[in-house]
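Only one structure is covered here, and it is reproduced in the block below.
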Amino acid sequence: MSTVDVRATAAPVRARDAGAVLERLRGRAPLVQCLTNLVVTGFTANALLAVGASPAMVDEADEASELARAADALLVNVGTPSEASAAAMRAAAHAAHAVGTPWVLDPVAVGPLTFRTRLATDLLTKGPTVVRGNPSEVLSLAGAVGSARGVDSATDSASALSAAFELAARESTTVAISGAVDYVTDGHSVIEIGTGHPLMTRVTGVGCVLGALVAACCAVEESPLLAASAATAVLTVAAEVAVESSAGPGSFAVGLLDALYSLDAEILDKHLAARAR
Amino acid sequence: MSTVDVRATAAPVRARDAGAVLERLRGRAPLVQCLTNLVVTGFTANALLAVGASPAMVDEADEASELARAADALLVNVGTPSEASAAAMRAAAHAAHAVGTPWVLDPVAVGPLTFRTRLATDLLTKGPTVVRGNPSEVLSLAGAVGSARGVDSATDSASALSAAFELAARESTTVAISGAVDYVTDGHSVIEIGTGHPLMTRVTGVGCVLGALVAACCAVEESPLLAASAATAVLTVAAEVAVESSAGPGSFAVGLLDALYSLDAEILDKHLAARAR
Amino acid sequence: MSTVDVRATAAPVRARDAGAVLERLRGRAPLVQCLTNLVVTGFTANALLAVGASPAMVDEADEASELARAADALLVNVGTPSEASAAAMRAAAHAAHAVGTPWVLDPVAVGPLTFRTRLATDLLTKGPTVVRGNPSEVLSLAGAVGSARGVDSATDSASALSAAFELAARESTTVAISGAVDYVTDGHSVIEIGTGHPLMTRVTGVGCVLGALVAACCAVEESPLLAASAATAVLTVAAEVAVESSAGPGSFAVGLLDALYSLDAEILDKHLAARAR
């Protein structure tokens, strides 16, 4: 199926669904274990705390699998892999898969870099609930596993949508593509989220934070399609709120945490409706 | 002695004492070596700089013991341990103990996770000047070393106070418990600090920062009981100041650093007096 | 040549030159690979993004040399070295040197600590385009390689200038010294930059950020002397802008990112001219 065919089936995320997931997230404060890169640990933990989840950043291999069994969700982000952290990621993903803990794979910069591309390809076999990446990463991961498509420097999320659709169907997972418009697909349906702001690309770790929020939402919503869509709506609407009081990327990052903290169904509804028009 | 008995002996921290420690800290700018977790390194260093101390974050084993001999105080926080960092923590604690550098043990998440529980239990034998943790961590550390009390999910600091009192007496150390009310005990006396704000729990690393401030205060105050109480008063009063201009956890974290920088005896006195009423 | 002799030859940085480098940097968005310390990864990436560059923080040895060949510039900062990251630094510096990628060495805390002093001394043989450090670090690196001058606790940048001048000439590199006044020398000429603010010393990683900005500017300016001077002017003027709306080091760090984002030739000109008067 071509990108055009797939895009034609996309339905906009519903504010009601996103609001319901956010409310459950705040009510249950799920424990989200994060094995993530060294650049974004603090920002990721702060975003999870702001939105109402409980982060745990543990990357020693034995502890990582102990915690993966106890956590409500797991994030594995391969942004700064090492031999030790790669072993912890494999152990945690294996444990999560074994006991049914939902988990998210974020294949940061997969494609041009060898070590992480092998790692992410291996992790993909451990049944991630959701794969979240930018268009290049999704295209690379799709190609590395199945076809010979390989790395693509595309930056338009729509251009990676058919690869995401096929990847999701083939691996029985859900794929979320970040871009000016975000798409989430489980290989059957496609949801699109049009909110957000270019300043999101001027702060390190905003995409990584989205992966963590997807994991948090998977802890309180059984449909990965809805969970990933809700997380994307929550983050991109919070970004629109934060921009209103920002003087640049520094104050935007601070405002993003404040906005995640104060976000509610009414704000979600207002911003999502404005984009749908 | 029961928790009720111990609590009945608690005296409130005195603004005069906290102010005197803060003034000495600013005057001497002690070098505080931090072996801490990967989530909070930047925030911890910034909090130490804001309050007037000189942070050094070194975690290679040989360098860590070189520096522990030269530093004015040492923080060992087991939040994200690895084989390599655990070796550095042991070496640094050993060196600090050997030459009399005051050092603080922060047993983050000790109890449910095996690797760090063994590490913290081992570090406890190296004579920490102060142990700082939340109620669960203090209960776990007390149980892991002495009795069979084991892990407890208590979140009320008062409930861990008698365990802290016994732990301090048995190990000849001082124990600081963080919570809505903070307690510090050396196994003889108890000081309580009632200032603070719930937003402190929505920013990652505020507890870790407290451990670092306790270490800094130990560099300029010989009584660990007074040093830990002063550090707690300084941080919790700064939090109350920061809340006044915060729109959520993002701006609160920024404001906390600003408040640590501008804190003085008058502000300490005003906030501590308001709680005592 | 004595410090006094060298200082007498110093010319002030020209706003026109700094503005031209900044404009090229924004136009080309160079990929800057950073092997830096664990305390400042996020802040460094955010500063590069704010100013218009594209950061990549990769520290696995194989990936680090893959990326050093593809990147437009490389930063190697030895602030928290480990066996693994030291190997990655050596591999990346070697690869950069081999293919002609400009690279910057930041010898954080070299002198009193053995492991990193050996590492930095070794890295110095791999032809860094620029060495950036504070006076003590520059004096230590100069002594460790050539003379027996050894460690010096000097904090006045002028006092390290003749050592920097000799080091630059001997190693065919450019040396940038940070301080109240900053100096850049290639062993022939000296440029001085007098902008900046004391709050820069109350935020962790501002010096490390300068190293990253020097690398970014080396990607778009062939003269290392001009590149390092422009980077220093950009950061120190942004600091002066940030101070105007700061309440302390927390809001200053946020404002610094905002100021790097909105800086232009007019602001550079105004602030540099005010100092020259």
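As written, the chain order gives the labels A, B and C, with residue 1 at the start of each chain.
Basically, contacts are C-beta pairs under 8 Å (C-beta built on N, C-alpha and C of every residue); 3 or more make two chains touch, one makes a residue touch a chain.
Remember, predicted model here, so these are calculated numbers, not experimental data.
As for how the two copies chain B and chain C face one another, under half of their interface residue numbers coincide. Remark: rotation between chain A and chain B after Cα superposition is 120° (nearest 5). Separation between the centroids of chain B and chain C, computed from CA atoms only, is 34 Å. Counting partners per residue, chain B has 38, 42, 253-254 as the residues that reach two or more other chains.
Considering their complex, residues 37-40, 42-43, 79-83, 109, 112-116, 201-205, 246-251, 253-254 of chain A touch chain C. For chain B in complex with chain C, the residues that touch the partner chain are 38, 41-42, 45-46, 49-50, 55-60, 62-63, 66-67, 70, 84, 253-262.
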